[in-house]
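Written below as structure tokens is the structure these notes are about.
Think of it as A, B, C and D in the order they're written, each chain with its own count starting at 1.
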């Protein structure tokens, strides 16, 4: 398939953060080109954003429904191969549905949906469409996260015992001084756009997904203590969760937006009977592997001792750091493989792909809603999805 | 008072770990000298230990009751000024009681007692004795822990929101391969000597005490999930705890002896509305202070910008690291001041002392028993001491 | 100028490392598109590389002279706006000259030339051309390097005293076991393609350039001890250099390709009378600022306290790490501004640009040759460019 | 030998730094007791210091000659077994000579002497005395330094290629603002007390000794650039040195007292053909071992994988950090073994001891004088001791 994939985007106009990340991730490897978009529900803002990206004005839309319809109607050698969805949580499923139903593959930001019920209903939409749906739980794109997963799978750590996944941020703490501050994503505080949770829905779900990706373990039940520290807010800005995974594995997941001075301090530790691993998102090229009776090891990206899982998604030699955008681009690369297969009638491959799916999204929504339900019930043990 | 303090020791014979630490802590500053001891209930072991320390054989005992009695009967210029107690948990209170009742000051290892009930009963013993009783929650002796406490007290961090205190160790995980391994303190696994808990009683209590020392906050209630991972054991080797502190502060305390590859990875993070601190026991000379909108700071021991709390317990210039023994010795120094006061009839000073007391010990026992009770009750919220 | 810049490339075919980096750097921001290339002197390899990048076969060339000529002959709305040169050192100047003479802007990999004499001669070529010439001393593209430069310029560190810049790598040490190994860039070992130096020419020059960029200081003289440790090689694989900068500032520059186990361990420390900074390429989002009598600070990319120099070249919020490719892309962004100016007849801007120029390249060549000359003269003090 | 060693001290009165370190090092293990001293040439200061240490006033002297004479005249069961010398450099040899000639063993601070000539003459004094002479190059006492030495000796790193040893401090930079500041050891600036060098003599010699201890390599020649940055001073406060070791090994040694914001940033890296090690004094419990093609390792003190060299001088389990005083105490322990042997007529043991000797001291003085001579000769290559 000797051409770049053609990409559209919904959301991500001027001033938005995550849209730019998706575009850079798509651009990086020179295998995707942005050709259409509905960047904002504000027509002028959408138009200006289209200019920023040098788009043909006729491919810049002001409604996602119109975009899905008109793009689908374009000749096969012009229309977008997939759309990236970077809108508010409450629009993820409606927008994705519109494009899937129009026969267009989808890459969508997380969390999957506004609610678990909506997410569950959406699974069928994806399945019926026969199209690719990828969810950007981007931290799973880091090479050393894939290395961590491979090490766990290899059994080198022995039987797993415990997982500690944490994601403290501090950006919202500025709202203690000035309510207008800390409002990087102020729609996230609004139950009408964000759903039942702010902090757990935005970043707790990343910690949960990372643990799930690395260990493959499902949560059996959890006991959550969510807190709204910032006065006047309706959704959580902090949460601490006890977790019981399958196979008797115990865990802690916690997340915060008011951990003053922390940035994106996503960290995970996985302990087994014979060894353990830890990975820190802010220093992503290193994976610490600890043993009972051998020197502690630091596995570094780009080395010959890396397994194929990490090696296959590495762009630079060791010591030249890769980071957030490259990891994000790995999700795009993996989804692109599926999309190219889909275009060529070969989707899905029997051996599968390495990107987060709608099922991961449903598990994420089940986690979020279980955490909220548990917290409302004084941290009672709650089964996700029940 | 122009002489060294005379110290006795109960426990700590050949092969014991913590007894040696107490002796090094006592020796370090040249202000205390070991002159008597009952190092083991095994007379030969006690005798040999006495030889190791070059003691007069007449001051080496085989029963602590005998030691308390005979030392008390010695002339004032010979008898010990205090005893250090480094025996199993179940003997802490009986031994301490014997010496206090004999009019001898006591420095005792933690946890305070075999049970909360015993601990509570012991408070009166201490008070009636009029003697000094110090508990070696030694991590509070680190200069940068004192700096952390001073920073919290200063209000620079704003209103406190959250505390995360963790103490993962991995030494016991070797027992998964060989039940005889990982048995550094095998009496700790035995409910008859250790009490209701192993992991929380041994190290969880350090994490709890550290949080309490730095923030001054009491635990209102907790929800605990303790686990016994090692087959055949009766007490916990891992525990994860949600905490509600006074003033709406939320927290996590966790501890583990099966976190393979971790050593003594005691860490604490305290978050306020304007900033946060973090301290890592394995790199104790640094205190990280994080702000909302200023560069992250690393406060290092021995600098002129350190407050008097840290500066007053510092022995070396900056950059020459101090560590565990020096921190332990700071507890001895602080207790020594009280003991010297006591000898000179000036105990207690109105302004108090900076060492852990019997009240800290009771709080610790209440924490341990609440954690065990909560865990038995499926992590139900439980009030310590209730 | 409402379109992407059109880029050509000379070198960088399949299997080459640095060509891919240049392409990713160009792609990242969606403002440049690769449309032509001469990727290899091997026609088949060049053709296949063109396919990899989905190029029009008519724009894939097998000789750079042909490419320069034919591209220049294309209509203004088709021909490349600039060429990226990623060939061996001995071809940098000939290729760049061909394109500049054809009226095409140039971005060129470092070192500038095969020799200082060639470099000096090339300055006139650039000046006469009136075109943009940018040299990819890419480490200067890191935001926190720009922050470091701004801090030095601000005078906060006081009068500068000392600079320590080091760049140890270990990749070539595998050649001790197997001469064929460690040959990532085997043309670098060959004096006919690499010039008078391997290690200093390849990476020592990065350390030198970084020091120059951050401090603005020129080297007055240096004393160098270069070594060829790997048997059978003709050029240096290690070098240690004493440096005397302007204003009495003293320095050390060292580089190595045989520092087993080091990756791209480029580090710099700059000391002034009132404070100092240190930056580590492998953890590029942090800049450590140390003071005489205040807590050590870690300035982190993406914060509001960053100056405009760092803030202006930042793509992600704090805590989401940026790395090597993003820094490289910053050189492309800065050069792109100049190229867009050039296209629009506004080059050069009076206020200048922030990318390495031909003058930096000449200084680099002077440094390399002085180091080699000094070393041949038993580390005698040698003035660069003299 | 069933008693504590009796120790005397010359120097180290109130206000002195290093004297206190020697006393803590001696106290730590409870095997040495301070019984006599000449703490100051100021009689009142010496007397008060004696009171601080609870000494018998008859054993507190005001002249070292008197002390040597009177102590030697005491009965064998009272007189000191050894003296610790912590005076200014110019007095090291005279004081040590007085005690050795009086038949008393000596532990002496570094550098060995005021000059190389004096040091060379002193070697005979030591040899003729038949007594123990130990020099406190204390950094060699760190367990992980001994582990480093064992790893080098094992050949695991392959053939050695390069050594980088650095010791930047910043304390003296305060003198740029106020000449009276930065004067921790103001006699060190005075050629009459310090000798020909301040910075290299005080700390450069530690870096040199550390390299020598770990690798066993002697310096063949060096090229040094020493600088006096602080106005009004006569001796160096900074120095950068190129080194040629035996066997073709190349090196850099540098030291500084004006590296603003650095504390005691002594670091060493040793590179071989197959791997390398690095050790940082400010985090002394870790030794980083890097390999060509295996994950980087962190060897940590107190583990079963440590060799007997590190294991034998370790007091605490892993994860409970040891630091500066413990390392210093290891020198005292090693010297104590020799002193106990000497008392029992068994000195020297055929297998030797692990403490720095007079020969290390001579090598150190040769290094210092060669550095000064080279620097005066515009960094000409200079052979130590020639």
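Note that a contact is a pair of C-beta atoms (placed from the backbone, for glycine too) under 8 Å apart; a residue touches a chain by one contact, two chains touch by 3 or more.
Per UniProt, the chains are A, B, C, D = Gfo/Idh/MocA family oxidoreductase.
Predicted model only: the values in this text are computed from it and were never measured.
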A-B against A-D, pair bridged by the larger set of C-beta contacts: A-B
Chain separated most widely from chain A, comparing mean CA positions: D
CA centroid of chain A to CA centroid of chain C, Å: 34
Centre-of-Cα separation between chain B and chain A, whole angstrom: 43
Rounded Å distance between chain A and chain D, as computed from the means of their C-alpha atoms: 55
For chain A, residues that touch 2 or more chains besides their own: 262, 289, 293, 296, 300
Touching residues (chain side chain A, partner chain D) in the complex: 289, 293-300, 303-305
Residues of chain B that touch chain A when the two form their complex: 157-159, 161-162, 164, 166, 168, 170, 173-174, 176-177, 223, 225, 227, 229, 238, 240, 242, 244, 250-252, 254, 256, 258-262, 269, 271-276, 289-293, 296, 378-379, 381
Of chain A, residues touching chain C in the complex: 2-4, 17, 20-21, 23-24, 27-30, 34, 51, 53-54, 169, 171, 184, 262-265, 281-285, 300, 302, 315-326
